[in-house]
Amino acid sequence: MEAGETMSIGDSGKVDLEFVNVTHSIIDAINPVLHTPEGAVVYGLDKRMDHTPVIGDPIDMERFREIGREGEGVLCYIEDCTNANKKGRTPSEKVAREHLRDVLYSIEDYDGGIVATTFSSHIARVKSLVEFADDIGRQPVLLGRSMEKYSGTAERLDFVDFPSDLGMFGHRKSVDRTFKRIMNEGKENYLPIVTGHQGEPRAMLTRMARGETPYELDDGDKVVFSARVIPEPTNEGQRYQAEKLLGMQGARVYDDIHVSGHLNQEGHYEMLDALQPQHIIPAHQDMSGYSSYVNLCESEGYKMGRDLHVTRNGNLIQLVD
Amino acid sequence: MEAGETMSIGDSGKVDLEFVNVTHSIIDAINPVLHTPEGAVVYGLDKRMDHTPVIGDPIDMERFREIGREGEGVLCYIEDCTNANKKGRTPSEKVAREHLRDVLYSIEDYDGGIVATTFSSHIARVKSLVEFADDIGRQPVLLGRSMEKYSGTAERLDFVDFPSDLGMFGHRKSVDRTFKRIMNEGKENYLPIVTGHQGEPRAMLTRMARGETPYELDDGDKVVFSARVIPEPTNEGQRYQAEKLLGMQGARVYDDIHVSGHLNQEGHYEMLDALQPQHIIPAHQDMSGYSSYVNLCESEGYKMGRDLHVTRNGNLIQLVD
Amino acid sequence: MEAGETMSIGDSGKVDLEFVNVTHSIIDAINPVLHTPEGAVVYGLDKRMDHTPVIGDPIDMERFREIGREGEGVLCYIEDCTNANKKGRTPSEKVAREHLRDVLYSIEDYDGGIVATTFSSHIARVKSLVEFADDIGRQPVLLGRSMEKYSGTAERLDFVDFPSDLGMFGHRKSVDRTFKRIMNEGKENYLPIVTGHQGEPRAMLTRMARGETPYELDDGDKVVFSARVIPEPTNEGQRYQAEKLLGMQGARVYDDIHVSGHLNQEGHYEMLDALQPQHIIPAHQDMSGYSSYVNLCESEGYKMGRDLHVTRNGNLIQLVD
Amino acid sequence: MEAGETMSIGDSGKVDLEFVNVTHSIIDAINPVLHTPEGAVVYGLDKRMDHTPVIGDPIDMERFREIGREGEGVLCYIEDCTNANKKGRTPSEKVAREHLRDVLYSIEDYDGGIVATTFSSHIARVKSLVEFADDIGRQPVLLGRSMEKYSGTAERLDFVDFPSDLGMFGHRKSVDRTFKRIMNEGKENYLPIVTGHQGEPRAMLTRMARGETPYELDDGDKVVFSARVIPEPTNEGQRYQAEKLLGMQGARVYDDIHVSGHLNQEGHYEMLDALQPQHIIPAHQDMSGYSSYVNLCESEGYKMGRDLHVTRNGNLIQLVD
């Protein structure tokens, strides 16, 4: 079942499931909508409101607005609140792409090693890295198990069109062989795109930082983090360690070249405006993560306990008699 | 009606109101308890769990534990969540007092001006300041409208026993006259205790910082803030301004000599342990302020929507049929 | 004297002054270089390393590299350290432009008021706002004294090519007349670009937020801050107040659509690499602001007290005998 | 050589070394002073200005003031700047002791496990823990290699007078045997004082948190951190992990019961006032750590490059001709 399609659920013939196209850090993201006789139930999974994604179609706001107006309207909207405490609007992937282009073009003349890392599942970002590598005269190569897995799958399923000679290597032996070839032919000719953007101890970049791979980092080599540190102390500690190790080898770090895949406050405001739901259930966060979303809903006239339901997984809420 | 007392409410003769003694930044604080046939309703107003308050009795945990065990137990506990996101235990006022003593004794030999500021309503703190002023050979004097009002009232109602010659002045004329006397007789003989701990533009300390009073600050003079900055940007901006002005006159700042009047997480844990309420309603905060309290309640087996009710002022919750 | 030009200084004929083109938040920025018999003295005024500025030429890195290699090389480099504690690379103005485009295009369908604010002196940003206003079918108009002054001057000096009918109004009467016209003809047809991005109490946006202008903000109206809050408590307090007032009128805020005008660490690294100075003097900051820059210089082999001079305005440093 | 003593250095008979008593987180701390014909050189090692330390004598400010006035005065003052960026005054160890007492007394009635952790080298704090354990009816026992080493040594050298039956165990076997005994005789009778306040992966508390010792943590058990998290991401990550593990076992955490061992700004101000040094050299920090100290010195009339020398280890500074 694809974005835009609808199928009947159950035997009654009265309930339909529809997938509406949305935009997120992964390709082919959808939000499911259950059409019932009492109205639509919209399950707001992870998404960004992106009108210029690098891969795939823009978010289908037109369809959300229709769902808000047609039939009984929206009975209930369950919404992912990951970024609901952040002000403003999450920028389009296009903005991250321009930021990334700016960084890579600015080091075009550097004649040593450049290494990039990002989320393996973020195919649009990987694609941008692959393109800009070519633009600055370097051969891109994807290294690390999950890097090979995600990009390989995306290519096989035709979600992305990589250069036919793009190397992807996951097994340690083939990765190390690739690194040896890079060292032999000159680091200045390659852009390894590797796993390890959060400083995970076993990921490729961290292994490079510890000197455990044949790739040797030299003074002035560039490491481009097209990712943001996930704000959790364990994670921040690991990433800090990885950057420290990179710094001890002389590497220069370009970090934070990223946009989030989740709606900020103004995206949530626009979703409410489009759907006009009768009931709202914030989801995917703890109480603290819901706070701004609850404020937003209340400023739009909803009321806790009446049509705004702050609850927990496992609870049952009856919306109609 | 005083802490420890109970009175009947309504005509049925079935509902009693009791005041349980608690400890807070003000004197004579209580938490009201409504005894109903279905159980007690405990309204957890602002409090700290203080076993060694400087003025008044310790919090009556024994009574709270009794209320939790007697009759139908506690039907509902409505709790102030101001500090519920803070770890650990709020220290006793005795700890703030020792901290304050340490600061003032450490500048005992200074032969210039020393000025202190704190919450006017915080009579225990004012009392400590008055005592320590005497200890280091300085005459304390209370200055500022609310300083005069609160301390004057506390003394008249016999909540506190100040030295009989303690000066308290609120009207600008008498304040300025006092400042002139201090300047004439030597700043080294006085400890003015003034309003303005949050940098409020019209408060006494801010006026002193702007040079608008006859009291002249000199290089090395000490300003003791027995208060914490209330964390809100407008407020932080004002306090920052006031400190900058003080610094431009050469004053040295001792800040943050304070303990909160509200329960931290471990105080909340102990209250739940004492009361064992059937239902809990967090209060006095927004959603974000409730988050740790909700986590705490859930770790103690409560469940949102069942016996843990996150709601808003104006909502009605029916607990028994 | 323009970027790229050189003139002789003094009578000896031995000292020349050159202006090298750089990129910054203002147009026509240069860094002065003094060519002396002992080598060049480069005064690194405010700049970003921008290869795709929206107005004017890219930073002239080629010339900096030449200066580093020619003659005696660079005797001394005095560098602005404003952002030296920030990691990575300051993005190009082009990235801010794409971010701004993304925000304004995303609210293209909104049929109420949209207001934007930015630095009056940031002509490139004002130009982007003016263009995108047109793209989304709104007439831009510049309001506020400094907005009129800077943009008017830039246009008269031919630094920027605004639409011939672009309105610019500074005097309160003409501003209010413009607001009245906007209210009459429909807010949905205009994009006022106003002063007040830091919440300055007397600036245009703050006056609008307080309801002191004829422009009425309605529920859902958008306010776009193409600026970042300058991190100083007084300032943060004012901006917070302004946003609160805007929120009370129902306005939705899009903030932080900006890139800095100052070099981050990797820009400083590249400048050192280009200039290879014999001596370095960090400038324009306090000790704390210099710390990362000193670390950077030390990692490049400089040594404090020998060829890296941390000093204060008014101090004299003799570099050659 | 002890605090207060002086010995001659070198053959000239002109240079004497004196040890001045100071107060710090360790016992028996001194600051060395070199008396030369050109004046005294005071080496300001780690210290707090403590007039009421729990063990040992108060800081000898009287002697510092004498050194500032006698003979040629102080030629040079080299000062530890660890906390120089912090406002106000570092509280006395007595304040930490009262805070700790407040916490332990508040859980006196708890009939399950209570565990405490602090710096092994902080004998005064360990002594307070040992005393308060006894006060609340629990037998203290010191566990962990460094805990045994430091406290054992302090006791043998008569720096502290522990109860004769105080158990101290460092080897894993004897620690585990002790834990088994505690489990058999009842956790409510003991207060284990253990290593691991920073969440170090191999320290005792972390092992307890991972369930690797015979001591079983139960719901509601208390863990008292008489220490502050050292602010470095690796460290913060480890501590966070340790607290999370403790929380998963139901333990309640009381943290941050501590005062620093280093001078804050007002302590530095008083030291300058006492010593009146001709030259000042900030030490033990990077540039960022010096910034407030440099501001302080400048506000007292010193000037960078003249009598205030910001430098690095290994540099030589000639103060007299």
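The chains carry the letters A, B, C and D, assigned in the order they are written, with residues numbered from 1 in each.
Definition applied: a contact is a pair of C-beta atoms (placed from the backbone, for glycine too) under 8 Å apart; a residue touches a chain by one contact, two chains touch by 3 or more.
Just so it is clear, the model here is predicted, and its values are computed rather than measured.
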| item | value |
| --- | --- |
| Chain D and chain A - chains in contact with each | B, C |
| Between A-B and B-D, the pair joined by more C-beta contacts | B-D |
| Cα-centroid distance, chain A relative to chain B, in whole angstrom | 46 |
| Rounded Å distance between chain B and chain D, as computed from the means of their C-alpha atoms | 31 |
| Topology of the chain contact graph, where touching chains are joined (line, ring, star, complete, other) | complete |
| Complex interface listing, chain C residues touching chain B | 232-241 |
| Complex interface listing, chain D residues touching chain B | 49, 51-52, 87-89, 91-92, 94-95, 98-99, 102-103, 105-106, 220, 250, 252-257, 266, 269, 273, 299 |
| For the chain A and chain B complex, residues of the former touching the latter | 85, 286-292, 294-295, 298, 303-306, 310-312, 315, 317 |
